[in-house]
Structure formats: structure tokens, C-alpha cells
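So, here come the structures, one by one.
Both of the next two complexes hold chain A, though its partner changes from chain B to chain C.
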Partner chain A sequence: MNISSSTLDVRDLNVTIHTPLGPLAAVRDVSLNVNAGETLCIVGESGSGKSMTSLALMGLLPPAATPKATHLRFGDHDLTAGGRHAIEKLRGDRIAMIFQEPMTALNPAWSIGEQMVEGLMHHKPSLSRAQATARAIELLDACGIADPEPRLSQYPHQLSGGLRQRVMIAMALMTEPDLLIADEPTTALDRTISAQILALLKDLQKRLNLAIILVTHDFDVVRDVADRICVVYAGQVVESGTRAQVLGQPAHPYTRALLSCVPNSDADANTRLGFLPGVVPSLINSDDGCQFRARCSLAHDGCAQPVPVSTEADRQTIRCTLSMEDINNRYRDPVPPAAVKAEVSDDTQAMPALEVKGVVQTYEVRKGLFGTKGQVHALRGIDLGVRKGEVLGLVGESGSGKSTLARALLGVEAPASGEVLINGTPISKVDRKRRARLVQPVFQDPYSSLNPRRTVEETIRLSLDIHEIGTPDERRVDVKRMMDLCGLPARTAANFPAQMSGGQRQRVAIASALILRPEILICDEPTSALDVSVQAQILNLLKDLRAEFQLTFVMISHDLNVIRAMSDRVAVMYFGRIVEAGRGKDLFHAPKHPYTELLLGKLGQGEEPRKAVDFPNPLKPPQGCSFAGRCPRAQAKCAIDDPRLTKAGPQSAACHFPT
Partner chain B sequence: MTLSSTSSSRGKIPRLLPARLAGRTGFCIGLVLLTGFIFIAVFAPFIAPHDPYTQSLMARLKPPVWAGGTWEYPFGTDGYGRDYLSRLIYGTRISLIVGLGAAALATVIGTTLGVVAGVMGGYANRAVSFIIAIRLALPSLLLALAILQIAGSGVFVVVVVLAVTHWDRFAVVLRTASRQVASQDYVIRARAMGASEMRILRSEIFPNVLNHIVIIFTFEMAQCILAAAALSFLGLGIQAPEPSWGLMMSEGRAFLVINPWLITIAGLAIMLLVLAVNLVGDGLRDLIVPKGRS
Partner chain C sequence: MGAYFVRKLIEAAAVCVAVSIIAFLLVQSTGDLAVAMGGLDASAEDTARLREVYGLDQSFVQQYLSWAGRVLHGDLGQSYFSQEDVLTLILERLPVTATLSVASLLLGLLISIPAGVYCAMKPDGWFDRSCLGLSVLGQAMPSYWVGLLLILLFGVTFRILPISGTQSAASYVMPSLTLAWFVFPVFLRLSRAGMIDVLSSDYIRTARAKGLSERTVLFKHALRNAILPVVSVATVQFGFLLGGSIVVESVFSLNGIGLLAWSAIQRSDYPVVQAVVLIVAIIFVLLNVVSDLLNAALDPRLTSEQ
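Here is the complex of A and B:
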């Protein structure tokens, strides 16, 4: 690799943040370089310093943070001596950045056109307004926005998430930068949209010979776009190399453990995921040794000393006290005991534990006090059955009605029509306390699912208090036992949610759901707010508890990998309907509905979904198939005739032309 | 994550309170002043050197000590020869009772309406919005004047009048706050646990909107003290011979040129009390809602 050709070359970048408790080494000795036309992925869990690294490169660090590098060169400019101000001159000109949440990165008070034209004219004062407008249209078009001209007069809130991110990218490209830094650019987006945005970035990169630094926690993204990868942990680059090297033959114990936590296509409901115990350590007043040693299975005394980086010919660079050969010989994948195979009744005639019959949910919306009324069609006729002991995975993008269905299944929100039956009894007829002993929820956001004013013990005990089960002493014993089962140390009993990590909070939520010994657990995106290694811990916990309590699960997620790793059967939701349902292995192996194929990335060549067509309007559902607008195989019939869920191979699909 | 070691964790507030007070000069000053006022109000009979109602034509318009008066009447006497200091001390009682009482009643009205609207939504929300819109459209001072004309004056009527004209902020803020809390997953979880709606209101929603109530309470209390003084000054609030600060200012107006302390001292007392309440309110807001809390 010829160093002199690289677009950006950084050596020994350190970022220290001064906190009241002492200096926090957010980034330490990070060296990286990226060449024109190349994508470098910085991948790590939260707290790894990956965002701090990208902010430092942009000169956008908060005032309390001090960056320092022994060598910093951008193209022909040596910026080492200039410090943070030198890079500010290049920011927004030769270097551009796109952020995770385009809603907050775009100014809501200005239309897209005004923001772009202002920016263009500021950047190149010689441009006239008309020229700048023409250029803005050209850029939006290049970013895959169909019919860009009317978009110029729209405001950010009028655009969907995917369109907003395209606008962000168009704005980043206004100045014709050499380097684009993208910080989690697709994390807030649905999977199908995310795939489009990544494809767009790749395409633009090829055309403009851009260097891209992409910061992410998502290994699917890394697998899709990376040329080279830096794995960061606790502020240090622990491993770096080409995509094939790092993903194919991970060397560092952290990379290995982390990759084993990622649910892959081999995962299924009966195997556990790999696991990485513990959490990222505090970086305040930390020492110079290997930061991973507390969680590393190969740690030895020497790891407390500063660790040099080492490279072997044709292999990646790692920061470890052991040589790659030593690691290879000594590293054992932490193979956890296989999950006890839960008993699923095979009797298809038996009464399902949970049954959904023709559930429709609508919400009335009204503009202002005397405004016009409208009806949002959230669920448009759902039929489902879950057998005792089974895990049903429910997958769909945002807006598909997953969470509405979850609330109907819990019985906390009555559907407009249709009914939910538990063991054959309509849930609306079950008294609320009895209902609570049958079905309990685990929600996505461990921040909002715990009352901030209650301690862990009070939270878990709440159900027992409501149901007046046992004496105070018995309750305390039961809470303790449940905390133990859910992997919560006894010393956390008096903690408030704000004092706990995301994973611990989710354990509290699970313990509190299980303390009534319900038969059914409804998990609504239980791990989407968590890091990969923590996600693996929680999913494994759920697998264990499934066997322990003979639970029936409904597992709701937008993440196909999570669904694959957890579910016996899978139902795919789109726009308030189930479009495909069947056994996990059938559905993932040979999807029948084009939407499932799109989610799985299995659409054939030339079958890309139509550009920038959004969800149908939930106020006015289309007459025909709701997916027809995006479907590459749609025909005249699809626009008129709404398909029903019918048998298609081993599973069933709602499509006129199943694969 | 190292949240367990940061000082913002709620569970450690009692232990860290002194530490959190450090550097909050305004809050400390307010707290000292307010405690002083409360002390004076509670122990007024023991502190006041004279009876606040006893008139003495022999001792009319005595000047305060710094203007050539004697220690017999440190702040001088008013036009009826009543000891000004004693009236000021008893006036603290009235100001605090009216301020606390009116703010408390306004809290009850506004919180009830706001929480009902926020949690129930739908028609309840629209009804409450309508009531708030009406309340905001009414000129509060004129409304107060009208009610006091009809119902007569007295501490109780003044408290009710002020409450009726000062509940809107509670309703507006608590509607938003409780709607936001009601949509949190822990509320849905409590419902799924079989908790009754009453229990959810009491133990899930209320504790999480309490901080808003405390903050608005202090603000509205200050407003009510000022408004009560204004009404008294106009002769429509507390009636003579009660030692209300607003009334004292009104009475002192006649002697503005020759004995300006009559109006100045009562005015300063009002200012100090309102300032103390506002400083405490600001401080509480900073204490209860630490920056950057999600």
C-alpha cells in the first residue's frame, strides 16, 4: 500500500475528554488511513470511541475534548501542526460528513431547496441562484431521488427517513469532497431502505472516486460495503485489515468473540449464540494496558502493560500481547451449552395457546379541534396461531403494525374488530388480573420500559404487589430468585434504572415480566437498542428461560437475524397484514412473497424494487395488493385484486404470483 | 457504561444534596430568605413588638429609626399610629397564606385537568383544551375584580379567585408531560400486569410528573403573592384593618411625599418574598431536572 496516495492518513490519534472524575481516554493511539475510492469501516460497540474518532477527524469534537495526533495528513496538506483548527478549514469542503439521524441534521425551518442553494452559493460565490438550483436538482437526482424538482420546496419533516438520508448525502456531496465520513448512516432506517442507501453510497463512490469512512456497529453493513475494517474497543483499534482478513479469519480475541455473537444464517431456535461476558470498562483514569483483558479468555499478567501493534505478512494488524499463532492455538470459541430443546406440541389439531382471528385496528386522527377526521388503518385483518411452547417470529419494517399487534396480543388495547384468544378464551373476556398471569410483555427500549422512580427490586416486585401474592418475605425471596435466573447480581437490587446499563435494564424488564409465571411472553424488539454482544446475552437468556418456564413466545423484530436465531415459525408483516407465514427454515430458505425476498436480499438481478416508492398511505389503503407499488413483479391484477394468505409450498403467502 | 459512579443518579440524592447545593448561590439565598419569611409568619406573635391592630393617635406617622425615629417603633408607625414593623410581620402571614393557598388550589385544578386530558386523550383532551382556551381568553385581573365585587373580599375569596385565574400553566404543562409519560412502555407494562387505572395514575404517572408540579408551583406562588398585593392595593382584596402588604402600600400612598417609607418598606417586603420564591423555584428546577437527562 502506497501511503503517499492515501486521502487521509492519521497516526496515533488520541482524544482525551476532561470530566469531573478525571481524564477519559475516548480514543487512544488510533492510526488509520483511507485511499481514494476505498471504504474504511470503523466498527465497534457503544463506548468504543468510534464516533469520537470520526468527530475528531472532522474537527467537531466537543470543547471538553482534546485531540492529539503525531501525524495527520489530508491529501497534500500536512495538518499535524495545525491541530483542530487546521482541519476546520477543510471540513465541509474537502471533507463532508453524514449523520445517523437526518431529521436532526437538517434544519427543519428551511426547505430542502433553500438549504441546498444557500450552501452551494456559500461554497461557490460565483454561482447564480438559478445555477445553484440547477446543481441542487442534479445532486438530488444523482442520489436517486425520483422527480427531484418539486422536492426542493419541501421541508425535512415532509420526507420519509430514506429520502431524508438521500438529501443529506446530496448536501454532503455539494462541495465535491474527497472524503465522506458517515456515522451510522443507516442505523435509523429500515433494512430495505438501508440497503438502498448503502448501494447509493457505493455507486457514488465509484463515480466520484470518494474515500469513505463509515462508522457502524452493524456487521451486516460492514459485510456489504467495507474494503478495509478497523475494529475498535474501548478507544483502541484492536484489529485492522481487509474485509476478507478481518471477517474471514478474525485474529484478535475480541473480534472473534464479537463475531460469534452475531446471529448468522446458521442460527436457529435450538442453538445458543456465542457470548462475550461483561461490559465495556470505564475509560476514566484507565491504565495503558489492553482494555479488553478483563473480558478476554486468554488474558495473562503481561496484558496490563502497554500493548504494541503487530502485523504478519499478508495478514491483518492486531493489538495483542500474543502472536496470531498463539491466539490460534489457545483460543477456544466459548461454546455455551446447547439450549434444552423446548417442547413444541406437534399436534396441529390442538388448541393454539394464542390465536388471532381477523384482528383489525384503526385509529382516528383529527386535525385540530374542528378539523377533518381520518382513519389510520394500522392492522388490516390479522390471522395467526401460536402453539404451546412455540416461538413465533414476527418480522416487518416500521409502520407495518407490529407494535399495534403486540398491544392487542397483550389485551391492553382492544382491536376495532376481530379477537385475540388465549387457550381458546377471548382475551377481552378475561379479567385483567388473570390476563396478566397468562401474557406479559418485554419491550424494546429499556429506558422507557422501566419507571425511573423505582428500584430494581420494586420494579420486579410490582406484579406481586398488584396481585397480592405471598407475604413481603416470600415476595423478596421470589424477586431474588428471579434476579438470579435473569443474571442480575443481588447488589443491583437497590439500583435505579439510571444506574444500570442497557443490557441490565432489559434483564430487569424480563425478570419483571416472568415473576407472575406467565404462559406467553410478547417480546417487542427486545434487543434492538442493545449492542451485539449484549444482544447475544439477552437472546441466550430468553432461550434458557423458554426451556425453564415452558414459555410460548411471540418475538417481534425488524431484524431478520434475531428472528432467525429465535423462532420456530415466522410471519412477515407488511402494511398491517401478514404477507407470508411458515416455518423459519422454509421461509428463510425459499421465500415465496417478493417482500420477504426483498427483506432477505434475495430478489433476482434486474428485480430491484422501484425507486423511492414509499409505503402506501395508511389513511387510504390501496384497493389491490399493498406491496404492488414497490413490487418488481406486479401486474395489472395486483392493482385491483387484494391477495389473501394462501398455501404456497410448505408455507403460505399473500401474493398472486408467489415464487 | 459507568453510570453507577456519576453524581446524577437519582438514588443518591439525599447523600449528595449538600454537594449539589454547592455553587448554587441563588438557590441558597432564596432558601434562606424563604425560611426566614416562614419563620416570621409562624412566630409572628412572639416576634412582633406591638399589636398590629392597636391604633394610637398620639403616635401617628412616627419615622423609622434611620430617619430620626426611636427603637420603640423601629419602622415607624402608619397614619393610624399602628406599629409598622408589627404590621409587616403579620402581613407575612397573609402573603404566605394567600400565596400558598392559591397556588395549592391552582395545582389541584390544573393538575387534575391536565392529567385527565393527557392520559385519557380524545374527547377529554379536546374538552380540556377548550376550557384552557377560555381561561386564557379571560382577562384575569378583570375577572378577579368582578368576582371580588360580587362575592365580597376576605382571605378565602381571594385565594379562590387567584386559584381560578392561575391554574392554566399547570394544565398546559401537565397535559403534555402526562401524555408523554402515559405513552412510556412502563405504563403499558403496568397495565399488562393487571394494575388498575387508578393505580397507574397514582404510582406510574404521578411520580413522574411531580417535578413539573413542584416547579410550576413555586412560579405560580410568586405570581399569586404579587396578584394578591395588587388586588389589595386596589382595595378589592384583603380589607382593612388586616395588615396586608398590598393594603399597607395603598394606605401609604396618601403619604407618598412626606413619609415615603410607608410605601417603600411594604413594597420591598413583597419584592423580597417574590424574589425568594422565584430563586427557590429556579434552584429546584436545576436540582430536579439535571441537564442532559433523557
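Here is the complex of A and C:
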């Protein structure tokens, strides 16, 4: 590769953050380069320094952070000597950036149009506002926004997350930059929307010969878009190479271990996932040795010394004391996938542990004082049965009604009509205390669902205290046992949530949900706030606990890999309905509903979803099939006739024309 | 925007009615009015006659409705003390208090918002620390004390400002400063906190990523969002300023509403007290409408359709 042709070439970038506890080496000796028309993915777990690297490249580091690089070139500009200020001149003009949170990244007080043109007009003062506006319209159109002109006078809160991210991308491209840095651009979006945004980025890249640095923790994204990949761990690039090299033949022990944690298409309800034990070390006052050595199965004495970077001909670059050959010969996955027993009763006639009959949920909304009252149709007739010991996976994009259904299952919100039965008894007839001993929830965000002023022990014990179960001594013993089962070291008993990692907090949440020994656990996105390696640990924990307590599970997630790895049966939700349901094996192997196929990326050639991405209006459900607006297979019948869930092969689907 | 405005006005009207009921009850609850009016040595018949004349023998609701009807026609009753028309008494003095309150509010805002912004740019810097120190002082020192201090300094020692009365604009300088000193801490903290919050927000990062100048980032993107809470609180503070004027007007002998209310309370001149309560409350409600509209103009989320 001809280095001088790179759009950006950085060598030995270091970012040190001054903290009260000492210097924190957030980025160390990171070298990267990216060429025009190429996508470089920086992938790593939370806290690995991905954001700090991209912010340093933009000159947007927080004041406490100091960057340093031995070599920094952008196109023909040598910025090494100029430091922070040199790069500031290019920022927003030659280098643009988009961020993770489309919901908060736009200023709520200014219109889309104003926010789009101001950057361009700042960098090209000779342009008139009309010219800048024309460019904005052109770019919004290129970013797949139908009828862009009226959007310019709208405000961010009037757009959905997917639209906002398109606006962000269009905005970043206003000045025709050479390099686009995207920090987790699709992490906050639904899978289908995320796929569209990534496809859009790829398309724009081809047309504009754009260099893209894409920062992510998601290997699905990497697989989709990367040309080259840098894997970072604890601030260091541990492995870099082409996509085929890094994903096809990962060399570094960390990359291999991390990839073994990603649930893949082999995963199912009866196997534990492979996982990587341990946690990322603190970066404060860290030494020069390999940061991965505490978790590396190949670590040896030499690993405490500074680690050289090595490349072999036609292979990737790794940072390890061992040669690739040595690693190849000796590496074993830290904890490979293994079978786990799971007992589901085969008796299809037996009473389901949890049954949902015709559940409809609507919410009244009103716009302004004299605005029309309307009803949001959140659930539009759900029927489900979960057998004892079974895991039912519920999957669907945001707004499809997953969490509304979860609230109905927990009995915390009565449906507008229909009922939820537990072991044959309507949940509405079960009093609160009894209910708490039958079903318990585990939520997405372990940060906000725990009381910050209760210790771990108190949090887990709380339900026992409320229900006055056992003597204080018995309670203490039980809490200890539950902590042990949930992988919480006894020394953390007196910790407050703020002193725990995300994964540990989720363990606390699970332990406190299980302390009453409920029969059913409703998990609403239990791992979507966690990193892959932590996710694997938590999913395995849930699998073990399922066997230990014969639990019945409802597992809600937008992540198909998680659903596949956990569920015996799967129900796919779209717009308040179940559009396909069946055994996980059948459904993932041969989906019947076009929406499931879309989610699984299994739509046939020429069956790309239509451009109209918007969900139907929940205030006014369409008369026919609610998926018709996006369905590549829609026919005249679909617009008039609402399909019902009927048998389609081994599973059932709500579609007139199942595959 | 139209529907929003109408909603705010209806809310305001409802609050005004509630306030009028409270003002009415306030006086009713002070004891038997006939006795109060007649004085301690009035005979039982005299009191009974007073009762009849003033309609005090009617039901509460009837009394309230006829009182409210009179109020709507600008008849706020007569002062027990001077027999003057209450509305006239108030209208004579309102300009003084209004000038004082508005001047001190503007003064407070003009000093504290720029100061707050500057503090937020370098939190924990020397300027920030001194401002915070000052605002702690501001809250610790009662306004009459500050007023007296100012009188001593500028009125007595340097003799550059009049120490009482309303003869010229200069007479308002010290009273306004005194009251501004009183609101300074609140506005300073709010604009500082708002600005610190906004400066760490994602959209400011976006604005910086566009390469905009720091001035544009600060004034176009940050300030507008940061002062939203200041606008809401400014009206509440204005209400406090009207209240605070009671003290300041007596310290500087300004003949405003505050002084009027103060002497009326001392003399148990209920119609005057009632009218002041009512009028100040209505001004307060109107100010809230103004602040809602200002907020709406600054924050498009409040009015535009989803």
C-alpha cells in the first residue's frame, strides 16, 4: 500500500486523560491509516478508547485529555507539528463526524435547514444561502429522505431516530469532506433501520470516494461494511488487517476470544455460549505490558514487558509477544460453547404456564387543548402460550409493542381487552404479593433499574423483607447463595451500584428478580446495554439459572442473535401483532413472513424493502396488512384484507403470501 | 402556536379566578368584618346595620359574586383608613413599583447571564469562584441591610445619589441595585448550570464538529437552550421582586405599592391589602403567560406538532 495516498495517516497516537487518581492512558500508540473510498472499522468493547481516538482525530477531546502523535498527516497536510490547532482548521470541512445518538445530536432549538447550511456557509463564505439550501435538499434526497424540502423547516423532535441519523449524515457531507468519522452511527437504531443507514453510507462512499472511519462494538456491522479492521483493547490496537484476515483468520488471542462470544447461527437454547472471563483492566497508572494478560490463556512472563507489534507477509498486524504460528498452535477458546440441559415439557395439551388471550392495548393521546383525541393502538390482538420451562423469544423493532406486552405479562398494566393467564388463573385476579412470587422482570438498563442508595445485599434481600420470608439469618444465607449462583463475589455484598460494572449490575438485577423463586422471568432487552463479552456471560447465567430453577422465560430483544441463542420458540412482532411464531429452529431456518425474512436478511434477490420506511400510523392502523407499505411482495389483496396468523409450514405466519 | 396561546390564556384566567377567591377569603377570614369596621365600642345595633349595608349577612357565595362583579367594574372598595378609592391609591403608586421591579430585574439579568456564561466556560476558574462567592454573599445578606449599606456608601459618604424619594431617575439607582443584588444569585446559578449542562450536550459537540467558531457555538447553539430555565424563573423572581419592594421601598421611602401594602397591613386596612394581593397576583399570572410565550418562541418543541 502506498502510504502517501492515504487520506489520513496517524502513527503512535496517545491520549492521556488527567484524572484525580492519576493519568489515564485512554489511547496508546494507536496507528491507523485510511484511504479514499475505503472503510476502516475500529472495533472494541466499551472503554477501549474508540471514542477517544475518533475525538482526537477531530480535535474535539475534552479539556482534561492531551493527545500526542509522532506522525499525523491528512492528505497533503502534515499536521504533526501543528497539534490540536492544525486539525481544527480541517474539522467540519475536510473531516466530518457523525455520532451515536441521533436523538440528542441535533440542536432542538434550530430547524433542520439552518443546522444543515450553517457549517457549509461558515467554511465557504462566498456561497449564498440559496445555494447552500439547494445542496442541503440534494443531500437529504441522496440520503433517502423522500420529499426533502419541507423537512428543512422542521425541528429535530419532529423526526424519527432513523430520519435524524439520515439528516446527520447529510449534514456531515455538506462540505464534501474527504473523511467521515462515524462513532457508533447505528447503535441506537433498530436493526432494519441500521441496515438501511449502513447501506446508505456504503452507497455515498462509492459515489463520493469518501474515506470512512467507523467506530463500533458490533461485529455484525463490521462484517457488513469494513474493508479493514482495527481491534482495540484497553487503548491499544491489538490486531489490524483486512476484513477477510481479521474476521476469517483472527490471530490475536483477544480477537479470537471476543469472536467466540458473539452468538452465531449455531447457537441455540440448548448450548451455553463461549465466553471470555474477567474484565477490562483499569487504565489509570497502567503499566507498559500487554493489557490483555490478566484474561489471556496464553499469557507468560514476557507479557509484562512492552509488547512489540509484528506483521507477517500477507497477514494482519498483531500486538503480541507470541508469533502467529505459536498462537495458532496453542490457542484454545477460553470457555468454548457447551451443552446445557433444558427441560421443556413435551405435553402440548398441558396447561401453559403463561397464556395470552386476545390482548389489546390502547392509549389515549391528545394533541393540544382543542386537538383531536386519538387512540394509539399498541397491541392489536395478541395470542400466545408459553409452556412450563420454555423460553419464548419476542423479537421486533422499536414501537412494535414488545415492552407494552411485557408490562401486560407482568400484570403491572391491565390490557384494554383480553387477558393474561398464569397457570390458568387470570393475572388480574392474583394479588400483588402473590404475583411477585409468580413473575418477575429483568430490564434493559442495569444503571437505572437499581436504587443507587442500596447495597447489593440490600437490593437482593429487599423482596424477602417485603414478603417477610424466613428469619433474618435465613434471608442472609439465601441472599449469599443467590449471589453465588449469579456469579457475584461475596466481597461485593456491601457495594453500591455505582461501584459495579454494567454486567455486575445486571447480575444483581437478576439475583433480586430470582430471590422470590418466581416461576416466570420476563426479560426486556436484558443485554442490549452490555458488551458482547459481558452479554455472553449474562446469557449463559440465564441459561444456567433456567436449568437450576426450571424457569419459564419470556425473552424480549431486538437482537436476533440473542433471541436465537436463548429461545425454544420465537414470536416476531410487528406493529402490535404477532406476524410469525414457531420453533426457533424452523423460524430461523425457513422464515415464512416477509418481515421475518427482512429481519434475517433473507429476502430474495430483487426483493429489497421499499423506500417508504415509516411504520404505519399507530393512531390509524391500516385496513389491510400493516406491513404492506414495506413489503416487496404486497399485492392488491394485502391493502384490503388484514391477514390473520395461520399455519404456514411447521410455524404460523400472518401473511397472505407466505414463502 | 395559536392553540398553545389559547390554552395558556385559559389556564391564566382559571388561576386569576382562584386567586380572587383566595384574596376574598383572606379578608373574610380575618374575623367579623362588621366588628372590625365598627370598632370595639360600636353597639350591637350599629354592627348589625353595618352588616346589612355591606351585605355581610348574605351567603359567602353571594358575597363573593357581588364583590367579584364590583372588582370587574374597577370598584375595589374604599380604604377604611382614608376613605379613598382603593384603585386610585394603587394606580398612583404602581408606576413607582413597576419601574423599580423592571429596572432591578433587567439589571439582575444583564449582570448575571453574561457572568453565568463566562463561569460556565471555565468552571472552577477564578472568575467562577468569585461569582459563586458573591452569590453566596448575596443570599446571606438581607436586602434591607444591603440597602442601608448602599445608603451609607453612596448617599452619606460620597453623596452622589439621593437616599430617598422618587424625584429623578437617580433615585432608582440604589433601590434597583439592592433588589438586583437579591436576584443575582438565582440567575447566576441558573444560567451557569444551564450553560454547563448545554455545553456538555451532544448537539454542542455536533456544532463543534462542524468547525463553527467558538462564538457561534456559544451564542447561537448554547445560549438559547441554556437560558430557557432563566426565562421561566425570571417571572417567578419578578413576583419576589414585587414582594421584596415592600422592604426596599420602606428603606428608601419610595412611595410605591410595597409601602402602601406595608402601611395598610399595619392599620388593618383590609380593602387595600386585598386589592394589593389581587393585583400583584394578577400581574404575576400575566407574567407567567409572557414567560410561556417567550419560552415557546425560544423552544420550538413546545408548540409545533409532532
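Keep this in mind: the second predicted complex is superposed on the first by the 647 of 659 C-alpha atoms of A that agree within 3 Å, B and C clash if a C-alpha of one lies under 4 Å from a C-alpha of the other, contacts with A are read in each partner's own complex, and residues count from 1 in each chain.
Here is the rule we use: a contact is a pair of C-beta atoms (placed from the backbone, for glycine too) under 8 Å apart; a residue touches a chain by one contact, two chains touch by 3 or more.
Bear in mind the structure is a predicted one, so any value in this text is a computation, not a measurement.
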Which superposed partner A:Ala436 touches (first chain B, second chain C, both, neither): first
Partner chain in contact with A:Val534 - chain B first, chain C second, else both or neither: neither
Touching partner for A:Val554 - first (chain B), second (chain C), both, neither: neither
Touching partner for A:Val15 - first (chain B), second (chain C), both, neither: neither
Contacts of A:His467 with chain B and chain C, given as first, second, both or neither: first
Larger contact residue set on chain A - chain B or chain C: B
Common interface positions of chain A, toward chain B and toward chain C: 369
List of chain A residues in touch with chain B within their complex: 20-21, 47, 279-280, 282, 284, 369, 407, 410-412, 432-437, 439-441, 443-445, 447-453, 455, 462-463, 466-467, 494-496, 498-502, 509, 512-513, 516
Interface residues, chain C side, partner chain A - complex: 3-4, 6-7, 10, 201-203, 205-213, 216, 220-221, 224-225, 298-301, 304-306
Chain C contact footprint on chain A (complex, rising order): 58, 60, 88-93, 96-97, 99, 101, 104-111, 118-119, 122-123, 154-155, 157-158, 168, 171-172, 367-371
In the complex, chain B residues that touch chain A: 1-11, 126, 129-130, 184-186, 188-196, 199, 204, 207-208, 293-294
